[in-house]
Amino acid sequence: MSKVFVASAGLVQVGEHWSKSILDLMAEASLLAMNALPDAKPDRVIVGNMFSGVGASQEHLGALLASQLNLIGVPAYKVEAACGSGGAAVHNAFLSIKAEESDVVLVCGVEKMKDMEVGRVTAALTMADSAEYTQFPGGTFISLNALTHALYLKKYGISREEMAGFPVLGHRNAALSKHAMFKKAITAEDVLRSPLISDPIRLMDSSPVCDGAAALLLLSEKKAKELHAEAVEILASEVAANLFSVYERPDPLDYLATRTAATRALERTGLKLDQMDFMETHDAFSITAALTLESLGVCKPGKAPHDVSTGRFDLTGELPLNTFGGLKGRGHPVGATGVYQVAEAYLQLSEKAEKNQVKGAKIGLTHNMGGLDTTTFIHILRRAA
Amino acid sequence: MGILGYGAYVPLYRLPTTEVARVWRGEGAGPNKEKAVAHDDEDTFTMACEMARRAVRMAGVDKLGAVLVGTESKPYVVKPTSTILAQALGQHFSLAADLEFACKAGTEAMQFNIALVASGMIPAGLAVGVDTAQGRPGDELEYTAGSGGAAYVIGKGRDSLATFEASTSYVSDTGDFWRRPGEKFPSHLGRFTGEPAYFHHVESCMKAHLEETGHKPSDYSWAVFHQPNPRFPVEVGLKLGFKMEQMEPGLLNTVIGNTYAGSSLIGLAATLDVAKPGDRILICSFGSGAGSDAFTLEVTDRILEKRKLGVSVRSMVDRSVKVDYAVYTRFRGKLQD
Amino acid sequence: MVNPISYWRLKDRYFNLVGSKCKKCGAEWFPPVKVCRKCGSQELGDHEMPHTGKLLTHTVLREPADEFKRYAPYILGLVELDNGQRLLAQIVDVDITSVQNGTPVRLTLRKLTEDGKKGTIYYGYKFTPLP
């Protein structure tokens, strides 16, 4: 079994890309990654994406990308796990290299959301949950999260105001980042004044609808040695699936998939959570940010909002979180996010994070969820000694 | 043979007639105080389902041999409401049909059920009279056209809470109120809907019915007439020799409007809610086009137990949320493109 | 979203909360399952869930999918049925400002959406606090 290394990353700025198609986005990110290491010719192409079929009438993205990059005869396919598609793509690439079936894998996560009007994007995102028992009764993905948000506030007696710390942190970090969507810091008042989407979730509690693409070149041990590209290694890539919909779970606030995948990843690597120098977590909504931290054991139950307010998770804090803004600040082009996260971890660990650099970062963890903790992908990356 | 169970449904929302008058006239009110309005996610089927489930629960029957829905506001012009209802009730081996006869389609459904049960073809059947009546905006019918109705399980046996003594029907070709295909709202002939339509058919039917049964108005504890407005049923009742006290419980137009095919059936339900064992009840409907059905019922002592399984009409009338004309137009789909 | 045929397949689920009951251990499941989550048996049959329950929590949804836009804002509730099974359903007959968690609720059938003026009307479960 081979080790797996991240050798380069290409990130398109997350935002509104009216003049770029889904192909334009994924090709741009991929070429950025590939051109950083021209001697590494991909022998596999994996695209992570959630709903290109619905948004662009285009499936089969792996083959489309490979064809346009002139990678003929190479294994190429799309993987999908809702908003965890990016994590799934990285995971799939990881497995192929570990199994010594590939030496150079191009992983690209892409999503084009802005071509669709709001009602359609809402419906598309809710494909992450049950068509028959969530979508059809009139539910949306945000509303499921709103239910858990309401249950959480009630269970721990937390005020709505305390949850605003998460988006504030996200924007603060995003303002420093070149590839983030949002460049302005926001205040808790901004969050609390923003319109309600699904009570208690407000517009600014939610990651934005946006376009984006990120790509990575993953290398085998052999290839990384050959190309002197052993700086950043993926130590673990673990996945776990939870009961599909939140209403099927005995405890709707328990992120079982997050916990299970994280436990496996730590066991595999022999590492402890407090050895992480930073974490990129799935803060699609303020509530997912809070519950993720508590399910990982980073915060005590009900204490995540308080911990944010102490500065514990700031870039200069004890455990920097979402160092480039996370899903809220950097953006959440859903199928691409998991790849953005690993790319950002790569930038941190190879000291290319510029204004967002966590000093001395050696080990980092990424956490990407498909659905509401329905499929969770955990990656642990380490800088080479 | 009689009624094994009954159930009514009145939606939550009310439109005061002062609102209709405010928009179209600038002031004033209609002949009724307010009318019941279905929410925009309700329709004739959803309301029929509420009524029917209540009636079936009260009746305690497992099998219905007929599901007959009388309405003039079918959700589909072609596709029976009754099969959707039969599906919801789990009654696949039943004769399901939609009946239309303006405001008397509900009592028609009752007539057919009586015949099916009496002939032995079915052990029990369901009759529903229900409407989400529409008035043309600005037309005087808009004051009264309301939503609601009632359902009755008719069957044989000792379990009846009221037995049928007799029934009479009378019809003629009198086009007082109608709707052509493709038209959204009905048309009518104004004052002609009174004397030659409503009064003529109710009185003709009643005369024959009283002759057939040999009863006098004073033989009845209660009388229920179709209620297109608050005045007509009182006028015809008094003219026929009935007293106000006999009609009181069944008079609902003032508070819920005219629920068309549901009107006389919901008046009957309100009356059954207060009736005592041994009471004799008269119900006479009227449907434009035109015709009337009259029935004489006698309440049994089963009513006291059975009534406890129901939801009283009074409780539904009393729980209400007022809407204004704007919200009403949204609920009733008048703003849809 | 839904089409007339997938709706037709689901009507017992939507009209009468028909879920699964394990023939081996008796556990009841809604939404239905293919394998019993309690005992692992594949021997499951259709079974009607209780039509009553209570409202655990709710949200007022203001930005629904296109099909539901005309009804916004509406209340989505997490309802726990009397047998402990939970589901997501709209809550009706109550104002968005006065809906209370913990309220007992019962099944009522309402229109969910329709395929425009010419198409199928889709009915399904919602819950009401009214008797």
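Residue numbering begins at 1 within each chain, and the chains themselves are lettered A, B and C in the order written.
One rule holds in what follows: a residue touches a chain if its C-beta (ideal position, glycine included) is under 8 Å from a C-beta of that chain, and two chains touch if they have at least 3 such contacts.
Source: prediction; values computed, not measured.
Colleague: Of all the other chains, whose mean CA position lies farthest from chain B?
Modeller: Computed centres place A farthest from chain B.
Colleague: Just to be sure I understand: the centre of a chain is the mean of its C-alpha atoms, right? Then which chain's centre is nearest the mean of all of them?
Modeller: Given all protein C-alpha atoms shown, the central chain works out to be C.
Colleague: Where the CA atoms of chain A average out and where those of chain C average out, how many Å apart are those spots?
Modeller: About 31 Å separates the centre of chain A from that of chain C.
Colleague: When the centre of a chain is set as the mean of its C-alpha atoms, what distance in Å lies between chain A and chain B?
Modeller: Once rounded, the distance between the two centres reads 59 Å.
Colleague: Out of chain C, which residues touch more than one other chain, so two or more?
Modeller: 71, 90, 112, 126
Colleague: Can you list the chain C residues touching chain A in their complex?
Modeller: Going through chain C, the ones touching chain A are 1-2, 6, 10, 13, 31, 37, 56-69, 71, 74, 76, 78, 86-90, 101, 112-113, 122, 124-126.
Colleague: Would you mind writing out the residues of chain C in touch with chain B in their complex?
Modeller: 11-12, 15-16, 70-71, 90, 92-93, 95, 108-112, 117, 121, 123, 126, 130-131
Colleague: What residues on chain B touch chain C, complex-wise?
Modeller: Checking each residue of chain B against chain C gives 12, 39-43, 45-46, 49-50, 75-76, 84, 87-88, 90, 311, 315, 319, 321, 336.
Colleague: Flag every residue of chain A that touches chain C in the complex, lowest number first.
Modeller: Counting only chain A, the residues touching chain C are 118-120, 122-123, 126, 130-140, 142-144, 146-147, 149-151, 154, 195-201, 243, 245, 247-248, 252.
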